[in-house]
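Consider the two complexes below, in which chain A is the common component and chain B and chain C are the respective partners.
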Partner chain A sequence: MTRVVPFLLVIAALMFMRAPFMIDAAPYESTMGLVQKIFYFHVPAAITTFLSVFVCGIASAIFLVRRKRMADHVAVAAAELAVLFGLMVIVTGPLWARKAWGVWWTWGDARLVMTFVMWMVFVAYLLLRKFGGPGSEVLAAAAGIFGMVLVPFVYWSVNYWRTVHPSTDVIRTLPPEMSSVLSWCIYSFFVLYAALLLLRTQLESHRASLDEAFLALED
Partner chain B sequence: MRTRRPLVWLALLTLVVLAGVSAVAFQDDTFKPLKPGDPGQETLPATPLVFVAYAFVWTLLLGYVFLLWRKLGRVERELAEVNARLRTGPRTP
Partner chain C sequence: MSGVLRAAWLIARKDLRVEARNREIAYTTLFFAMSCVLIFAFAFIVEGQPLADAAAGILWVAVTFSGTLALGRAFERERQSETLRALLLAPVERAAIYLGKLLALLTLMIGVELVIVPVIGILFAAPLARAPWLLASLVATGTVGFGAVGTLFAAMLVRAQSRDVLLPVLLYPMVAPVVIAGVRGTAALFAAEPDFAAAGTWLTMLVFFDAVFVTLALWLFGPVMRE
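And then the complex of A and B:
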């Protein structure tokens, strides 16, 4: 695991270094202009958040059913990364919206509110793990599964409810010169996510080993 | 003291982001008369918004990788120390 992580981090760094040049070369969107270029980090961050939420939900389910410690470590790592990438979505979105819609945030938009609620579920997950005491891992696992169930609602909210947020069709109908840049950014985020997930899971495993070692030392 | 450092870094990062966002926000909150001949289309420049968005993502990612690496190093050191103490056995009084 330790050998793979630096390799993945180097690949991700190289991809992230190339991304701004590709984003700069991508054409301006006809109505929004320059500010639309936030899209190339906003959407990959959102997709990575969904991925992380799924990883957390599935790992939480495995932990609840089979009580495997490794599944719990993966769930904690994925929850923290869901909060990290979700924060990027929640910060970059309003910066784009300010120019495109004239407001930083609107509570009337289903996609915005549901994304925020989903993000808060994973903030709650982390708070539960930090301050919940013994047994909090089971409650947190239930919260992780609940968070995963929210993903389809967040994703399709733009298609079912009246909203100012662009629909999911935007990605499918992108011209090639825009979609190639978006794909590059999505892969960059995925490589970085894989590295961070491995690293964070390793940290959680080491912490558990440290706790066991301290207990053994006390005995 | 060590456990406070990530919080201090997080607080600093939040301050930087808030300063950037508020600078952009307050920039647009002043009433300015439209000059004759000015088309008046670009009322809010997009460049600071795009800059803040990308700077935020890069700073957050770099900061997270740095903190994670440091935490992992510290836990690995502590684990090695405790394991070494376990191997040598308990101290005799």
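And then the complex of A and C:
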């Protein structure tokens, strides 16, 4: 399984090398101009974050019910990646917002607040794993499932609460020359995500076997 | 099902009886909630007048902070003499234990709220009598949502290291939807021009959150507390 990681990394690298040229060639958005182009990284990062949250939540549920160690390793890897890609979303969002709305951040927006809340849940997940001591993987699994349940609230909150964030319809109504660039970026992020997830899962398995070996030696 | 509810009631009654003997959680939590009000009063009063929505915010800060204190203490009690293990060994369903602990916590929290809400109403000139039932429903559903998640995580963390820090760290982001809905709903009620429709919408959302959180916590409590 992990043999594909180098290939995936090379493909991701090539795709990310081409992405800036495609983004450069894409047409300018009429009102926002250059600053709109951050969208090509912001949206894929957000989609990848949500994907990672779901991977973590489902892996956590499998771990809780079936107690498969592998599921737990996937959950840790996915949680870390959710925090990483989430950070990317939270950094690129304000860069755009400063130009488009005139402020870095607004608390009045459901999408922003809920994304931040979800990101905090997964930071808390990592803190729990790091400082919770033995047995914390079971507790973390419950936290991961709760984090996943928050996602629909994040997604649909836009429709229920006053929001200035562009709605999810934007993506469906993009002109083709823009949406092709966006798809390219989304696939690049997915390939990178797959490579990192496999790598981190493998690392976690090694760490767990090392811990076990160490405990066996002590006994 | 009636067996589960009966067991839950017995566990809640046990908790409340322990509490009634020394009233430790009730007194300390109540005083802590008052301290929160004091600190926030200095933050949100400008030239002698409270800021708009300050009362709603302070109310929910007091509820969540004092609730965290009560949660931590309630499970510390079970840990001290290893009674949680005895509870888990008892021939009742896990769901009953969860419901019992939740019921006891909610009783305590609502008791504290019965004092703290009028106090905030007086100190911050909040119009409590404008829609008392709507306000009571908002506070009650918010408390249930907070308690549902809090009881699950406090029970889980009983054996974890650095549990005192991890409980708020985990709990606050998770109950953020509940707190947001509670504060916005209460603020809509307290505003100079009250928006009852908005408060009603937030109340509906709180009921929805409660249903999701209680269901999820009931389902998770078993596998998490397996030992």
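Assume the second predicted complex is superposed on the first by the 218 of 219 C-alpha atoms of A that agree within 3 Å, B and C clash if a C-alpha of one lies under 4 Å from a C-alpha of the other, contacts with A are read in each partner's own complex, and residues count from 1 in each chain.
Please note the rule applied: contacts are C-beta pairs under 8 Å (C-beta built on N, C-alpha and C of every residue); 3 or more make two chains touch, one makes a residue touch a chain.
Note that the structure is a prediction, hence the values are computed from the model and not measured.
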Joint occupancy of chain A by chain B and chain C, clash or fit: fit
Touching partner for A:194 - first (chain B), second (chain C), both, neither: neither
First, second, both or neither for A:146, with chain B first and chain C second: second
Partner chain in contact with A:126 - chain B first, chain C second, else both or neither: neither
Touched partner set for A:202, first chain B, second chain C, both or neither: first
First (chain B), second (chain C), both or neither touched by A:70: neither
Touching partner for A:91 - first (chain B), second (chain C), both, neither: first
CA minimum distance (chain B, chain C), superposed complexes, angstrom: 21
Touching both chain C and chain B, counted on chain A across the two superposed complexes: none
Residue numbers on chain C that touch chain A, as the complex places them: 149, 152-153, 156-157, 159-162, 165-166, 169-170, 172-174, 176-177, 180, 201, 205, 212, 216, 220, 223-224, 226
For the chain A and chain C complex, residues of the former touching the latter: 64-65, 113-114, 117-118, 120-121, 123-124, 127-128, 131-133, 135-136, 138-139, 141-143, 145-147, 149-150, 153, 160
Touching residues on chain A, where the partner in the complex is chain B: 9, 16, 20, 33-35, 37-38, 41-42, 45, 84, 87-88, 91-92, 95-96, 98-99, 104, 192, 196, 199-200, 202-203, 206-207, 209-210, 213-214, 216-217
Complex contacts: residues of chain B adjacent to chain A: 17, 21, 24-25, 28, 44, 46-47, 49-50, 52-54, 56-58, 60-61, 64-65, 68-69, 71-72, 75-76, 78-79, 82-83, 85-86
